[in-house]
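Following this line, the structures themselves.
In what follows, subunit A forms one complex with subunit B and a second complex with subunit C.
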Partner chain A sequence: MSGPALLEVSGLTKTFPVKTGLLQRAKGELQAVTDVSFGLDRGRTLGVVGESGSGKSTLAKCIVRLYPPTSGRIGFRGADIARMGEGMLRARVREHIQMIFQDPYSSLNPRHTLYSIVEEPLRVHRRLPAEERGYLVDAVLERVGLDPVLRTRRPHEFSGGQRQRIAIARALVLNPDLVIADEPVSALDVSIQAQILTLMQDLQEELGLAYIFISHDLSVVRAIADTVIVLYLGRVMEVAPADRLFACYAHPYTQALLSAVPMVRTDEEERPPRIILAGDQPDAANPPAGCVFHTRCPYARNRCRNEVPSVRQIADQTEGHRIACHFPLSG
Partner chain B sequence: MMRSNPNLSIGLAIVGLLALLALASLVYTPHDINEMHREHRLEGPSSRFWLGTDNFGRDVFSRVMHGGRTAFFVGSTAVAIGLVVGTLIGAIAGYAGAWVDEAFMRVMDGLLAFPGLIMALMVIAIAGPGTFNTALAIGVMSVPTISRIARSGFIQLKSMDFVQAARTIGVRPVAIMVRHILPNVVSSLVVAASVAFAAAILSEAGLSYLGLGVQPPTPSWGRMLREAQGHFLRSPWSTLAPGLAITLMVLGFYMISNGVRDALDVRGHHL
Partner chain C sequence: MSGTPTPTPAPSLLEVRELCTWFGPDDAPVRAVDGVSFRLERGQTVALVGESGCGKSVTGLSIMQLVPAGGRIVGGEVRLGGKELIRLDRQEMTRIRGRRMAMVFQEPMTSLNPLMTVGEQIAEMLRRHLGLTRGQATGRSAELLAEVGFPRPRRLLGEYPHRLSGGMRQRVMIAMAQSCDPELLIADEPTTALDVTVQAQILELLRGLTARADTAILLITHDLAVVSETADHVVVMYAGLVVESAPTRVLFSRPLHPYTQGLLACVTSITQAKKRLRPIRGTVPAPNALPTGCRFAPRCPRAFARCPSAVPPLVEVEDGHQVRCYLHPGGTR
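For the complex of A and B:
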């Protein structure tokens, strides 16, 4: 770990105004992401897990700057892009950060051809003269497993898995540093999921990409992530290297998530105690006091109801295991 | 997609036939449209005058053919004005949102508050009567409706993932609107345009009937109705023919708009 990280997010917060009534007056605020901090090095993968509504997608959209964050810093290649204007983003940042969306049926323009979709980033950023772009596009298409002969086809002529390959090709054609994948395989069949994940891993090795991989599926994250962030109601619950998180999670919420993963029983692996969370996630516009998880935590005590736990380093010298809990589970 | 679509085919057939007659009038009409056959005034259909003659003894069929030209000219000019201006306003309002949207849409609401014909009369009062000014007036009339349709399409599409993806790639807003959103809104604009065309034909007829639209000697169906109405009991043909032409034209365009909507609904599922 030498030099500054590729991506350095600190204190990232995004609130949306809650508008009601005839005059659309802002009635309150919805904190979709609250005080999230992490770093990501080149060539590494950060997994972000949490239930739907936990702020995963908002976090992603803040980092690609589809949304302006409300506060906090997003350091990317040494510059703070959190408050950068749109013109500056286009000139300096957009080509280095790409995004893969969850639903490949809506992330590709139905009126554009395969070629025009994958070539567009090159055209926008004036990479290569027009007549040379074709070779690069073909090479990228082949690399992601699509036949360049299909270049005049439109998205509806492809299957879900092929469409996600198109989305990957579009994200990779500029050779970015960082790819943010928001649930890239959850809309796909399980057999296709594995293919897409393998493809993404291979590409990471070849191109030195950094991924932010968002998923509600822990087994998928386990397969691909180096570090994992667990989000609940927009707040970081636990951060740890992937293998450590799955072996010695310390947050009750992580435990609950892990216990919900269906798995084939093996003798070596001990199944975590089955914990079924009662109720729904609280309303993000009106979060509970104290630890936001206390309303559903099986171990909640008085302190949890009153005092917000800060994110702190736990355990020994194991680097990077942080947790926001007053009463971490002991190993 | 290739399912039978009677609305579309019948509509296209009607409009196509009328368009053919109007086009033919460029090179040939059975009689000169202004030639008065004084000894044949207010006659019924005959082998010489297919749809009879009017009170000046002019051939009604030739004038209906030529009136179709006027109708198509006014309709397409008006729709072109309405489409260009309306789509531009709707696209900007819908894509920009916030106060830009508010500002544009309140102005459109203001325009909608006047009955269309009053609006058109206002434009004609300012610009004066005449064929082009009639088209301009009718075009202005159709702007609010078309801009609303474009706006709702742009609002609906701007939040879609492929538009978001274009933004993350770094595509500029104008290019996003033109290359990414517009092609997906075209279908609803086509429907709106064919409805607007039918409405424009009716408005032109209405304005010309009032004597404010197309001016003589250019034949217009509305004007023909006005001139012939006093002689309806003696010779209904000179009134019925232009009336029937207006009816068929409007019906044809409404059928086309319904047909287009049906055809696009089927494909819409791919979106």
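For the complex of A and C:
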């Protein structure tokens, strides 16, 4: 694809003050996201993986501008929205970036009906006659597989899978360019999870949507993402096209993550050896010096303890395969 | 059964026969568990799998005689080492629970007492069930925490549960469940809320228990990949019934029930490139509105005229492999 990408994030950093005691005095700061860069084209899916505390959700909230980033650039449709004021965001950005959360029950207003939940974004962002709004709502409900007859029902009357369909309908009613989905299928049963993933794939194909798909479940990301970014303690460890990342990962953390993923095996298949990481994740407010992963890395050497590895392109390798490691794995 | 008389084998560690646990009023009961049978031997891991509402958790709670309010066991047998548990009095059951069988849950925070330190909670179990002194209990608590992988267990004894991460809490729960060296551990979604690396640690721990201590584990989960890596035998449940039961490798290589096949087609894998999944259509029936006949028939791609007639029987099609489906009517028994 030529021309600028739909989304171009560079050097994104988000810092929170760490407050303590009764008076909530700032005692330090926590870098939840540090120097994250990536691009995303229309119609493509970026998978973001990492464990809890890796900064996945903070990254998402910065991009939808629920949080103001501390530094860095968020190029969206050609404009930098990182420091854009609320008025401009409302007028030019908000309707084009939508978000879906893990638990649709807590993100849908329990007192509103299906109809008013899905119609609300139209009331806020579009000046349209009620009749036309109704037409758009019905169309999107049908598209996500919800019967418009149910329009007067409230969220508690729907199953988990149906509630996720409601959240998707609400996200799509404004016809956005980018949908950020934060663990959208993690709370669902396997069969329902497959229904929602398939729906998201169909909608992407039809509408040319770009997705940022955040999940701790690497196998789900494998099923939907074109590119994958691996985060650890808020830093990018590795970024690569999905096929390449899952087959030719070069970062020891990616290797450990993948080796931990349980797999369904039949008679013929053997699982790769599992690498169990020692210890627990370090405190994000007090990250290790050097490479943040060195305290748990089975291959760490002296240089890793002292020098922060920069994110760099792997020489002579597939385009778009970048890694932050002094001693990448080979083969 | 075959015609030749065989000597009575030693009883299985756990034998569940035609277990029925119903909820709600007698005239319109919700049949959460509707005739579930399986057995579990020492040192073995059996997985109960299925989606929300299939009755797997209620089966686990029924075995522990901890059926939630509103529910009751209306039929069947639960035998631990040959001893029938269902009609035991409360005192006797309390002795067995914790001492001979223990349970860990998905969210350890709800089962740990937030007002007691980790050390106090483990020591309480040890003193109550094993009669250890305070000093002995403290020493043993530290040992148990070391066994579940805490590098400095003494320091952990004084911590409160909220100060621990999810994975640490789950390890504490397993240490508590292990405190009296039970013969049976029931683990209900023990790794569902955890990160993959932590999940791998916990699964390794559970595997160690069966190998080292000969503990039998009943693993209740919806995660087929976890089952594949942990269980010796799998029991698949749907709408309160066992629909298929087989040794793990057999089940994943040659699933026979269309529901099991459908579940496997929905499983995502890190070795499978970006792809379109094949979801099972529709949703699980409400427990108070079960279809007549085969309960999976309304969603089944291979349903035929006979399916809605009556619930198909569970038949054995090969050694240890049972299925409840009219596509496989010719069982060996």
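Definition applied: the second predicted complex is superposed on the first by the 320 of 331 C-alpha atoms of A that agree within 3 Å, B and C clash if a C-alpha of one lies under 4 Å from a C-alpha of the other, contacts with A are read in each partner's own complex, and residues count from 1 in each chain.
Assume a residue touches a chain if its C-beta (ideal position, glycine included) is under 8 Å from a C-beta of that chain, and two chains touch if they have at least 3 such contacts.
Note that the structure is a prediction, hence the values are computed from the model and not measured.
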{"item": "Combined model on subunit A: subunit C and subunit B, fit or clash", "value": "fit"}
{"item": "Contacts of A:198 with subunit B and subunit C, given as first, second, both or neither", "value": "second"}
{"item": "Between subunit B and subunit C, more extensive residue contact with subunit A", "value": "C"}
{"item": "Which superposed partner A:230 touches (first subunit B, second subunit C, both, neither)", "value": "neither"}
{"item": "Partner chain in contact with A:94 - subunit B first, subunit C second, else both or neither", "value": "first"}
{"item": "Touching partner for A:66 - first (subunit B), second (subunit C), both, neither", "value": "first"}
{"item": "Subunit B versus subunit C as contact partner of A:159, first or second or both or neither", "value": "second"}
{"item": "Subunit C, subunit A and subunit B - angle at the middle CA centre, rounded to the nearest 10 degrees", "value": "80"}
{"item": "Touched partner set for A:260, first subunit B, second subunit C, both or neither", "value": "second"}
{"item": "Subunit B versus subunit C as contact partner of A:125, first or second or both or neither", "value": "first"}
{"item": "Nearest-approach distance, in Å, of subunit C Cα atoms to those of subunit B in the combined model", "value": "15"}
{"item": "Where subunit A meets both subunit C and subunit B, residue numbers", "value": "none"}
{"item": "Touch list for subunit B against partner subunit A, complex", "value": "160-162, 164-172, 175, 180, 183-184, 270-271"}
{"item": "Contacting residues of subunit A [partner subunit C, same complex]", "value": "51-52, 159-161, 189-195, 197-198, 201, 216-220, 222-226, 242-243, 246, 256-267, 271, 274, 276-277, 279-280"}
{"item": "Residues on subunit A engaged by subunit B in the complex (per definition of touch)", "value": "61, 64, 66, 89-90, 94-95, 97-99, 101-103, 106-112, 120-121, 124-125, 156, 167, 170"}
{"item": "Touching residues on subunit C, where the partner in the complex is subunit A", "value": "51-52, 151, 165-168, 195-201, 203-204, 222-229, 249, 252-253, 262-280, 283-284"}
